Amino acid sequence: MSARASQGRNVATNSLAQIGHCGLFLLTLLAAIPRSFRYLRETIRQLWFVGAMSLTIIMVCGLFVGMVLMLQLYHVLSIFGGTSASGMVVALSVYRELGPVVTALLFAGRAGTAITAEIGLMRATDQISAMEMMAVDPIAYVATPRFLAGLIAMPLLSCVFSAMAIFGGHLVGVTWLGIDNGTFWANMTAVVDVRTDIVNGVLLKSLVFGAVVSLIAVFQGFTTPPTSEGVAYATTRTVVASSIAILALDFVLTAFLM
Amino acid sequence: MSQARSSYAIGTGLFIVLGFAALAYLATQTSSLANVHQGDSYTVKAEFTNIGQLKERAPVKIAGVRVGQVQSIALASDHDVADVTLSIDKRYNHIPRDSVATIFTSGLLGDQYVGIEYGQAKQVVAAGGSLARTKSSQPLEEMLGKFFGAGGVVDNVGGSYAVTADFTNVGTLSVGAPVKMAGVVIGRVQSVRVDPVKLNARVVLAIDKRYNQIPDDSSAAVFTSGLIGSQYVAIQPGGSPDALKNGDEMILTQSAMQLEDLIGKFMVNGSPGDKKDAGDGKK
Amino acid sequence: MTDPVDATPDDATLVRIRGLTTVLGGKTIFDALDMDIPRGKITSIMGPSGTGKTTLLKHITGQMHGDAGSVHVDGREVAALSRQGLYKLREGIGYLFQNSALLTDFDVFENVAFPLRQHTTLPEVLIRNLVLMKLQAVGLRGAARLMPNELSGGMMRRVALARAIVFDPQLILYDEPFVGLDPVALNQVLKLILTLNQTLGITSVVVSHELAAVQQIADQVMLLSNGKVVAQGDPKTIADDGSPWTRQFFGGEADGPIPFRYPAGDYATELGFAGAAK
């Protein structure tokens, strides 16, 4: 067997092993949920860090995504004289795809990397060992609160993102490009369905993405070699793995939900 | 630290409230729920001969302002008209009895809605009353024709007439290709078939009814837009006082240049002037 | 924090290690190690770098388990304890990390209060007083509201010490407490270790390789090398006991029984001189 082929096989088996390891880690996390109830305050603190602190980037990005989407749609739809449908298309594309996906990607970049780096550094500086020594379960105290916080924060952030995108679309479409305000809303409200678009689109997708991103972030933080180099690699891996997982899962979820 | 802690809790609480507020906004203001929840309303009936794509919960507008929604649509029991029940907000209870209810389309791709234009009558429509004067949904094809004029798609159902032309060779001319006069699109190729008797291509051209003054001795040629572009039919007006009518046949035709011929001419006479000559020669 | 059903409460030995064998990544760390750490004394574990001193501490706290042999702490077999039992055991052990391991999210006060908040439901006033008492003991009451990144290395170690003793443990493990300290800070830490041992009777295990510091406080010294205790005795006299190990280690000689080379295969073979190896 050539060296390259065996290397390729190694990469494949390593990735599989990582996924398996990650799955087992998820079970550990879930098993620690009852024990982490006593650290509710820590969960709230993490919710502040991963959720509230991500609000600015989410809101600004949501606004711009909505604005640019409206701008593009306006020019395309004006070819067909269908600019009045642009509000509806903005709403549908944001609710079904862009809202959860872009929020999750931003979340991975903003909160996921922070979680990985923080846990990695906590391990590098023996803080995790210190917790074990102080008879505090690091999984229940460090990992699960961050996982839960990501799980809770993502759907909320996704809602904020979508609302800002609609607002941005309205700003560009109605205020600047002169689409009729009533038409904008009427077309949107006529087509957007609460169950298929908002619950299945925004909420369910972002719940899954939130779980995946925070799982990957916590997992990378806990398994990386506790050195500055290891932490740097783990942070990169969090973004790469999260992005791939988000987009792949988005396809699967869309195929199932539509 | 306890102060810092409570500020975390407050900030996190605000974040959660904001998230849920955004969710509530999405669910109630931008979705179909927005159409369900409305204040007190009264119903008015209207009969339409054709409602097109009108759906229940479609908006009812006066002067572009949403005043209510379509509550129900049913076929009248006795004759072939649609009974549409409009649910209108109580605040707008001054609609004159002779107002006209029209089914409009919002934009080209938008859904249809009911527009009410005020009449002159002093009496207003009472709750449960009906609007006698209605305008039915306009066929989409007419709308399209109006929207695009000569520049775009020409409707081929109501607004055009058919003319046939025989070509010895149509090249790659396909159904739907434009028919142009003086470079302006005036119609579409409706069908391309081989005539079983004459063994040439019989092309049916659908020409917009607005262009009904084309002389009947006009010629038709199959041109290519650019060297590798798609092919289209160009009509060169003749001098006859009689105009082409539906079902007429165009006698003078010029078939498509074979690409091989074009290239051959290029290769032999490769100068731009010759190319121009070749183009002119086609006409 | 002493377990009421302590198996051997009157035993003079707090930590009893018998036949401990640990192999990590193909390298034998402990080779049938026997060790007794007496109750109420300061025991210093010394040895060259990489002989597993820190690893030994991890065995005592149950963060690692040996491949063979046993570790008994206060009569309890560490490897046999459940997670709850292990956590119960650890509540009675203070551990001073080499790099202090303060929680960077919290200030000094909350770091020291952390174990109390996690394991008790004491009223805030009591927690406050307990923490301030411990901080006063290490002389850092005034630094209660500083964050760990605002502290010097010596201060961080003292905060970590305050945290380690907040539960009044019966055993404190000091992992390299003197590394990277200036002479003043070093002597402060030395004095603290001695005071804690003498006033509270806390059994102390000090892992270090600085003989001068150890000699001032330790009741006994154990020299660890090649996975075994190669010498033990009084710190004042151990350097002169005549064993080649102590002579090399305390004399700081480059040549001696302590291996300079990491275990490796045959040199000539690895260089490719197959003929020479034959």
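In order of appearance the chains are A, B and C, and numbering begins at 1 in each one.
The rule we apply is simple: a residue touches a chain if its C-beta (ideal position, glycine included) is under 8 Å from a C-beta of that chain, and two chains touch if they have at least 3 such contacts.
Here the structure is a predicted model, which is why all the values come from computation and not from measurement.
Asks: Which chain has its Cα centroid closest to the overall Cα centroid?
Replies: Of the chains present, the most centrally placed is A.
Asks: Counting C-beta pairs in contact, which chain pair has more, A-B or A-C?
Replies: A-B
Asks: Please report how many Å separate the Cα centroid of subunit B from that of subunit C, as a whole number.
Replies: Inter-chain centre distance comes to 83 Å.
Asks: Need the CA-centroid distance for the pair subunit A / subunit B, whole Å please.
Replies: Roughly 41 Å separates the two chain centres.
Asks: Would you mind pulling out the distance in Å between where the CA atoms of subunit A average out and where those of subunit C do?
Replies: Roughly 43 Å, centre to centre.
Asks: Can you list the subunit A residues in contact with two or more other chains?
Replies: Residues: none.
Asks: So in the complex, the part of subunit A that touches subunit C is made up of which residues?
Replies: Going by the criterion above, the answer is residues 121-122, 125-127, 129-137, 141.
Asks: Provide the residue numbers of subunit C that touch subunit A in the complex, in ascending order.
Replies: Spelled out, the residues of subunit C in touch with subunit A are 61, 63, 83, 86-88, 90-91, 93, 95, 97-99, 101-104, 114-115, 118-119, 163.
Asks: Over in the complex, which subunit B residues touch subunit A? Could you list them?
Replies: Going by the criterion above, the answer is residues 5, 8-9, 11-12, 14-16, 18-20, 22-23, 25-27, 29-35, 57-59, 61, 64-66, 106-111, 113, 147-148.
Asks: In the complex, go through subunit A and note every residue touching subunit B.
Replies: Of all residues in subunit A, those touching subunit B are 41, 44-45, 47-48, 51-52, 55, 77, 80-85, 88, 91, 95, 152-153, 155-157, 159-160, 162-163, 166, 180, 182-183, 185-194, 197-198, 202-203.
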